[in-house]
């Protein structure tokens, strides 16, 4: 469980003050995977540096399992940091160390006995599926394998929170899937709280239970994936389930509606239901139907024939849990 | 042929070349050792006291980098060497021969080596240092377990360059009382018009430089897992 | 000042069967050759063993003597030693003059010193004492006038009174003078230390002037640290002034580049 | 118009022979934008190097407007190259030259008079919308602006073919759209033949009229976008119009069909038509509807209720121009 | 105070320092000029005759890079300098003074500079060269319009480093008949134990090096549009 309360970070640049984090609050339950998404300059890197205490926050607190991290004394800082395991975009492995030695690094720092280290490293390499690569150097590993080593290393200090900073931005789509699956399986096994900082919508779609949108140092939207996607006016919904393409230039006459429906209702035959209930032809102009987490979502742009009873149809749709937006009426 | 005959009989070669060669090795070895022993920590300090380093300290950095290293590096070695002859005498009790020359050689190359070490350490990505800090390393652990091991190929390359520079400087030391191949080339090759000695000395030094370079490159590759 | 006197007790400590080592630094020629002659022919019977270090420049022998790298050196003259003692505060004492190497002026351009033209280039030693000696030779030859002991090439440059011929002075290490003289055709006169004449195979036909050997204050002598005239050093000082050494010098340097001073 | 005939390129690596291009033939009409897509190692870079004659092909020919390029003498090579303008992934501008000087580069090479250069450069900068940046250095430009300069430079030698090598791989999505729009507008104005080498499906979807799939040095599939997408068994169709996500774990009982329909028929109410014709509820499990070029395409996974007359429905769909694939029958 | 009094009256300073300074500038200027004039084309050749260059030529590359540049760089400058004294005499008619010293200085720094130029040119991305070739450049145009202009900041940095090295070498040349500040420091500072001259010379050389470095850095930044 991680709780961030009113985190502020102000940088002084000459006589200019940059407010990089402007009161960020966040609560993620144990076992949850939370995505933090934001554009360049939103404050993502600053948030990471404050969460890992590489930079001290200007004010506010960071707590893991109700134990405060940010406001501990300088001497306790190093112990405090061990509550958060961190995975980096470029893995940041030590090139002079083998896979096993990299994973052993955090244990060496606190003088763990050799035999304990060996046991623990073996277990972690097994967990991330790299037992056969224990003696390989990072340069001999693929990007995905390096990221696995980074995950094993982050886990070796038994953290309560796993903080992943753009963990897949340097990977190809196939490897991205593998790494996200690994993070999810690690979360399941160890009941870790996971924070993923990213700018890729796909990562949020594939791996996160909940998501926050960071903008100019503030969280402007947040919530469970199902909830944020279901809000058609929300920025996250538009980003996660966009409408593909533009309206075709020449349309047959009729009214155009955007439908967003999710959860159980998505599996229900909405189009068929309108067609049969109102006895008319529903034309799908654009849109997509997909599964996010445990839920199915549909975002469709439909066209109704001229003369349809738009009000009745809309009422029917809303009654069936569909969010309706009128795009064009003729 | 005359030249080859001379090669076999010239006492400057048959008698003096081997001891001179050993003296050169001695000078380069002693000063190389002390340069590394002093220059490595100095290089680490140069990096870490700088802005953005692990222990930024503007005053110390200006002193070390701006004053000591920059100024010492700007003094031509020829001038540094002659002005350090009294110091050599005070430190090692003699001002003659390879041991004495090693004093000025060491002082002359420490700033050079420290700067190269600093550059090598600077190449260690900030991400690795961040990773080590996030994992709870002390600053000393960052230096010992990250900076130095990760920069090792660069540090070895710096050592190689320094040894090659030392060979060049040691030859110059031969002109003012230092020993070794430089003295032989100057006293016999130059002063006594002995072209054979000159050529043989040059060939030996060139070979020595090439061997140091090849060994250094090989060793750097050996520890380079990037 | 030291002398050649030896005490009976000193004699007693020197044992030909177990000779005492004396570390002497000297210029290669003639000093090292003279020392080598003693080491090869006279030292053993006298109970000493010379360890000779050849040093080419004129600074390190005194530094090395001072820091006890050497027990004695044999390369310098009274004036040079005085200058060194004054500037560096050495506490040395020295023996009697052994030999003189008269400074010799060579020229490839001029047959006679009187032919030297205005603005000629003169190559000189860069160490102060030998440079002054060289300037004195030029003074005796009538090229310079009114020299003082503080004069140097630097001060004479542009001094129309003392240097009426507007000679242009170039200064290099003593051992480089013959080298550059041999190679550089722009040099009018070169003032060369006698000990280099043989080594550099100089042509005696090119001599246009020479320092007088009679009453020359520039005799070379043995120098040791004050109060440390050990029996072995005393013995060496004695051997350096032996008849054998005088004969050796006369027979070896028949061209007069080195002459005995005793 | 560009015609590539049986192009082969064999590299000799020690005693190993690598056949990088194994008989590539290609014909692109003037005014067409043709995409060449392929995985890493497929031979894309080799093809580019052979088309630009940076490498001489082992055999085969390259012709622009029926004028042979590949087999000309060494002395004519430089003139031959000027028939193909090239746009690079990283623009490859000269950092020491301003925008205008970069665009002028090809003209300087052939000693064009200063005044002609100035005129032409102004016109080209206007074309790519960078008139105000004539005196800026590349480092002062954004990635998209640099790419525009690269396009202007490629056009300055009046080529017949514009060859773009991964022109947008280094750009963000918004800038990618702008650059592709620029390439299309340039093609429209100058009636250029454009070849785009890429590994991004989006580029093909957005900009290309036709596409070739390069694999192990051979073209294994090619054709107009509409044609290749309409073939549900084709690799390009699967890549260009993929089915989002997997089947949900728990499905209501019924038969699952994948439908692919395109062109005019996509604008027709297929779902409604089945619902009403066969009086049943059609459930859309996943899929998308989008516009590619001038055409609309739909790729939908639908579920029919238990007991539906699958044969009749399939026949109906096929009669309506829909490609049907049976995924799961219960 | 004694030191400051000496500063004003010591003829080694009042009379000799300015001409010596000018001689040093002369040596560094002449040899710097010739080093650039010869070293720049040599650096271009080193790059372009190498594998993957514009005009690969294994034989020429081995000769230039492996033999001439590598070996000359391995010879310590002190030894190179004394062995080149006869050449200086033959070329410029004298073996004494700044002009003569410029001969060995030039020969000693050409390979060093050429190697730096080669490295700077190598940093020009292959993509730019490809782009130029695709646009129909001749090889000569690639060199003149791409390689050299694009590598200009690096070439200027190389020139700065070479000038600093030349200042150091020129001081050494002062020990064997070369002129300039090195000669003054050696003949008057060292030979006559004149600490004032020694200190003033060192200060002037350090300042000269710093000025060259600052100007060089400034100029490199000026032409750097990367």
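Per-chain residue numbering starts at 1, and chain names A, B, C, D and E are given in the order in which the chains are listed.
The rule is simple: a residue touches a chain if its C-beta (ideal position, glycine included) is under 8 Å from a C-beta of that chain, and two chains touch if they have at least 3 such contacts.
Computed from a prediction, not measured in an experiment: that's the story for all the values here.
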Chains contacting each of chain C and chain E, listed by label: B
Most distant chain from chain E by Cα centroid: A
Pair joined by more contacting C-beta pairs (B-C or A-B): A-B
Label of the chain whose CA centroid is most distant from the centroid of chain D: C
Separation of chain B from chain C, taking each centre as the mean of its C-alpha atoms, in whole Å: 37
Mean-CA-position distance for chain E and chain D (Å): 53
Distance between the centres, which are taken as Cα means, of chain D and chain A, whole angstrom: 31
In chain B, residues with contacts to at least two other chains: 176, 186, 190
Residue numbers of chain D (touch at least two other chains): none
Sites on chain C at which at least two other chains make contact: 59, 176, 179
Every chain pair in contact, whichever chains are involved: A-B, A-D, B-C, B-E, C-E, D-E
Residue ranges of chain B touching chain A (in the complex, touch as defined): 125, 127-128, 130-138, 141, 145-146, 149-150, 152, 223, 225-226
Footprint of chain E on chain C - complex, ascending: 59, 87-88, 121, 123, 126-128, 152, 154-155, 157, 170-173, 176, 179-180, 183-187
Residues of chain B defined as touching chain C within the complex: 85-86, 89-90, 93-97, 176-177, 186-187, 190-193
Interface residues, chain A side, partner chain D - complex: 244-246, 248, 251-252, 267-269, 271-276, 279-291, 296, 298, 300-301
Chain E-facing residues of chain D, complex: 52, 54, 78-79, 81-82, 84, 86, 88, 90, 92-97, 105-106, 108-110, 137-139, 153, 157
